[in-house]
Amino acid sequence: MTEKLRIAVIGAGYWGPNLARNFRTSPEWDLVAICDLDRSRAEALAESVGGVRVVTDVAELLASDDIDAVAIATPARTHHGIARAALAAGKHVMVEKPLADTGERGRDMVDAAAGKGIVLMADHTYCYTPAVLKIRELIATGELGEILFIDSVRINLGLIQPDVDVFWDLAPHDLSIIDFILPGGLRPTTVSAHGADPLGAGKSCVGYLVMPLENGAIAHVHVNWLSPTKIRQMVIGGTKRTLVWDDLNPQQRLSVYDRGVDLGLQVLDGADRKAATVSYRLGDTWSPALPEREALGLMAAEFAESIRQNRAPRTDGEAGLRVLSVLEAASESLAAAGAATAVERSRELTGILA
Amino acid sequence: MTEKLRIAVIGAGYWGPNLARNFRTSPEWDLVAICDLDRSRAEALAESVGGVRVVTDVAELLASDDIDAVAIATPARTHHGIARAALAAGKHVMVEKPLADTGERGRDMVDAAAGKGIVLMADHTYCYTPAVLKIRELIATGELGEILFIDSVRINLGLIQPDVDVFWDLAPHDLSIIDFILPGGLRPTTVSAHGADPLGAGKSCVGYLVMPLENGAIAHVHVNWLSPTKIRQMVIGGTKRTLVWDDLNPQQRLSVYDRGVDLGLQVLDGADRKAATVSYRLGDTWSPALPEREALGLMAAEFAESIRQNRAPRTDGEAGLRVLSVLEAASESLAAAGAATAVERSRELTGILA
Amino acid sequence: MTEKLRIAVIGAGYWGPNLARNFRTSPEWDLVAICDLDRSRAEALAESVGGVRVVTDVAELLASDDIDAVAIATPARTHHGIARAALAAGKHVMVEKPLADTGERGRDMVDAAAGKGIVLMADHTYCYTPAVLKIRELIATGELGEILFIDSVRINLGLIQPDVDVFWDLAPHDLSIIDFILPGGLRPTTVSAHGADPLGAGKSCVGYLVMPLENGAIAHVHVNWLSPTKIRQMVIGGTKRTLVWDDLNPQQRLSVYDRGVDLGLQVLDGADRKAATVSYRLGDTWSPALPEREALGLMAAEFAESIRQNRAPRTDGEAGLRVLSVLEAASESLAAAGAATAVERSRELTGILA
Amino acid sequence: MTEKLRIAVIGAGYWGPNLARNFRTSPEWDLVAICDLDRSRAEALAESVGGVRVVTDVAELLASDDIDAVAIATPARTHHGIARAALAAGKHVMVEKPLADTGERGRDMVDAAAGKGIVLMADHTYCYTPAVLKIRELIATGELGEILFIDSVRINLGLIQPDVDVFWDLAPHDLSIIDFILPGGLRPTTVSAHGADPLGAGKSCVGYLVMPLENGAIAHVHVNWLSPTKIRQMVIGGTKRTLVWDDLNPQQRLSVYDRGVDLGLQVLDGADRKAATVSYRLGDTWSPALPEREALGLMAAEFAESIRQNRAPRTDGEAGLRVLSVLEAASESLAAAGAATAVERSRELTGILA
């Protein structure tokens, strides 16, 4: 086997420990350091993963020769600064979602990585779950036909975050998944966002996103911190079949319905009236078996492989940027009473990493 | 017992038979006639309910002395004409949802009835189900506290209607229910509607409605003709408790969660920064027993009682009008790319039937 | 089309009305009379199905020339007497479950019918539901492989019957279904029955039946009148696949799991020790679409067809007898503290209707 | 705080690691050693819990002065020998279920511990889950009334065990739970066991246990290794309420139904006929909130507390013995075609630990 790649995890808060534990057990990676401003927090994490090096200064960390890559799990507003420094130091970078706190900074990170041939990967963990990988495959192979609608619900009694609203907290999951499973990625022209703050928390705690897709299709996301009943469900309607992903039903996460509406058009009374002829298919339902695999392990493997093969990872910086662009437009729409707001993506279309 | 009231059902299509069968078995009503332009259809229905009179001409029907009231179950565009004629003939009127095909015509019907002291009732059947009656009661008695959000989902593989889109077909159910359970009725200032017609049916088959409510609350409705999985669920979040209504779970239709988020505000660093202090309640869940009652029977009884007591029925013309106003604004919003559109209700506020 | 057959329904209590309504709307049958000792009950039923003839005396009914068949829905203890009279009068007979109140009387009915070439059909309605027809097909075509176990649960808050215990009330459903889906019918050598009467109702309200099947397989039935949660579920394990029928889940009544245990045997350390080598299959789950069909309609059609074709119906008297034999042995076992009790079926094996 | 107690875990196979991790994090315990015949297995476990001492010889371990107690997680046939040696060395003992491989050996262990005032605890982990603790409380406070029936189902695609059948593998869970929640413990006079080995594995893979309880009540357990659908459900019917525990539904594990059958008896026609008068209650359903607590942590705490207070633990050796007695009688019943078999418990009734 080739030599292992060496990585440091920056940020020992909520998500960093998951990354650290994961890189530690990955056959492709050596976890060599934990970096956090709070030394005691860093030490506790370092100890729990077998006693790796502890660093409190990012610059010092990045100056190390024994580090090939960093995984950044710090607050979103610090992503740009840390990632730019890491890229400048020639380190490959994985960034927790969202990629950055503004689209402009995210674009700058992507450009910087592209210019240096360094891998910039978005930590879109859900995309590496067996369920989402299977959904992507079913769409790619045409099992569902053309996509008609995507409806995603992610509601639960959630922690009200100090810095972000429910859109920036939860919707990155839905958006990164939709981006991953759509063959062309998530590229809506506009987004409309509707939110509510009924408790006076100072930010939206209930949120809805609407995104028109190609060919008249639509994507909708419902995120909610205030629901005592937990739902994580995505319905993906296609011209051939419809898929329902119920992430809270481990016995049947995916159901593929060979059921739907077929539409024909019939000309009536000469040319100017036509009637839709509708027929229904009521076929079988099918629930594919899913392998038992850890998403984080697959993500670590993909990061390593993309570095070795010098290629864009499956969830690259551009993917992170597409998610970010939607979030940014959503915030604008929210401030404009839900008006349909253009999603900025001019330069993305010319990106080098298709 | 007082003498029975006498009623005729106009329209023997999809919904008329349900009304006819129901009025026939109601202890308060005598079903005396079926009226439909299509004589054979009217006859078939008349025969199945024990052989009542068949009429094909509305004018002839309304000229009858032995009829106190009519129930109109014809296409929406004909509601205004038939109802106006019935009101002019002094008959009490129940109208299938939606009340009319435009808000203006609906308003005209309401005014006409009010002017003559005649009962005009909206056939909002769902409002008379045990589940909805219980929800209304729980809100009225303060069990849920202040309403924070209402999220309603009504999706299924549905018949694509020739004349109406999915909003006008399905959302009247959700809107009439929300109107019924909110103490002040459904009076949003604006509505935003987003729809999709991915099959090219010439109208929205997937639809979302957003309505800001008082005090920062929000109501959202998802209607969908293209989903192979059937969901009829409403989540109603309150400051004290949250209710989930799953209409497809007969063993536990209503769940009341004594669970939620409590929010306080804490002043930090002097006056200009404050932090939300959040606490969670994780209490019991409770599922009230619901009586086994037929909604249509209760609705028929309410119609009779409101006539005898010369009062507005629980689902009166104003309720129908409020639903209609939202639908009309939704259509406008849809044409304006989902822009928040004002809901017309100027004169309603001065209506005589609060 | 051939002429319709003419039928009378005997018994206007709980089940008779379902039969009456059904034969009335069947294209193969003319419902010509309702017979019940209680004239007013018979009249009410007769009127509700369009005003057919009312008879209170069975002998008078059977003397009629305009009747080809009777459907008997009277208490079980009267089945034998009425059926024998009907057979003597040359009428084809359908009998509500259980076929009779003792195996001996049931055998006598079967023999009487066989001797005269008259059709004797057991009203095993469940066998004509789309779900059970599909299960039978899946077993017959080998989709499930050899049957390993059948576990059936039928529990609910039920009416405590005056004359019968929970076994005789509910288990005929499970037993007739198992009889129908097993290629060779239900022919256990013994049955063990365990019951409980914790309320002191004078009969078992909770019951369990165990029946060893061929090749080491087992069938088990749980019936219960005292459960506030309703379950109607059957798990059928096969060597190739396992099927779960959840009759209360209309969205997915049948699930076929391509999942199971494969067993090999391996000789260890010479001949005298061997180890089971076990491997698991974790394949897809599949839920076949089921047509929307009324079981009673299919049953009526089968009755008519078996008469016209002069053949045994799918649920013939022998099937009724097999169910009866198990019930009778179960009662014996119950009286013997659950001891395995032989199921009487000596003569059945030589029956003319295989 | 008082000084910590010191414990060693014997057996580093399947269950030992769970015990080890747990005692390590318990505030009441110091984990000081891991003992296993297989040194490498012991070392791997010792390392993963922070590098405690490794011993391969039980006698050597028990000779240590720095050990107050041992937790035995070895194969059942070795429990007696190890436990007796530990008791002889004055160590408190916790034993994985089942307590021993025969009732006689279990009794000997219980007597040995009682004679020396040493704590012998059965590792009935499930009894310390929040759900089971709540069920016990609901029964003890009379919320359910008198118990009418207990029906427990524990089925899944399971590992076919080399040494034990499905009864000895899975039923100890159900039996120990039933023993724990019944105020007087599980003391059936007889047990009937029915099993099937349809794959020819040499032991029962599907099993049913029937146990008559006091006052005409009944307990039934269904265990199954061959079911592709996983069910862990217990229904406990009481005279006042009925409880359903669905362990696979984290959103609503416990449901308490205020629903049931009330029975009266009415004398008819003089003294010799009486009729049951039945009435139904259809009240609310209630799902108590359960604290998030680790069962193993509570069990470790109970072990420590019982040692310090010199009292029997909640799941003491007698409880383990009651479970064992039922399993042993079940094996006898199985060999006797399911005949009701007396459960040996003569001396238990005079046991010192009521």
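The first chain written gets the first letter, and so on, giving A, B, C and D; residue counts start at 1 in each chain.
As a convention for this text, contacts are C-beta pairs under 8 Å (C-beta built on N, C-alpha and C of every residue); 3 or more make two chains touch, one makes a residue touch a chain.
Remember, it's a predicted structure, so these values are computed and weren't measured experimentally.
Trainee: From chain A, how many touching-chain steps at minimum until you land on chain C?
Mentor: Contact-graph shortest path, chain A to chain C, evaluates to 1.
Trainee: Return the chain pair with more inter-chain C-beta contacts, choosing between A-D and C-D.
Mentor: Between the chain pairs A-D and C-D, C-D carries more contacts.
Trainee: Which chain lies the greatest distance away from chain A when centres are computed from Cα atoms alone?
Mentor: If we average the C-alpha coordinates per chain, C ends up farthest from chain A.
Trainee: Taking all residue numbers at the chain A/chain B interface, are over half used by both copies (same) or under half (different)?
Mentor: Interface between chain A and chain B is built from largely the same residues.
Trainee: Just curious, how far off is chain D from chain B if you go by their C-alpha centres, in Å?
Mentor: Each chain's C-alpha centroid was found; their separation is 54 Å.
Trainee: List the centre-to-centre spacing of chain A and chain D in whole Å, with centres computed as mean CA coordinates.
Mentor: Each chain's C-alpha centroid was found; their separation is 44 Å.
Trainee: Between chain C and chain D, what is the gap in Å from one C-alpha centre to the other?
Mentor: 39
Trainee: Send over the residues of chain C in touch with two or more other chains.
Mentor: Each of 229, 255, 259 in chain C touches at least two other chains.
Trainee: Which residues, counting only chain C, touch chain D once they are in their complex?
Mentor: Listed in rising order, the residues are 146-149, 151, 155, 157, 159-160, 162, 190, 192, 194-202, 205-206, 208, 210, 212, 215-218, 220, 222, 224-229, 235, 237, 239, 242, 244, 255, 257, 259-261, 263, 265, 275-276, 278, 280, 337-340.
Trainee: Touching chain B in the complex: which residues of chain C?
Mentor: Going through chain C, the ones touching chain B are 229-230, 248, 251.
Trainee: Enumerate the contact residues on chain D facing chain B in the complex.
Mentor: 252, 255, 258-259, 282-289
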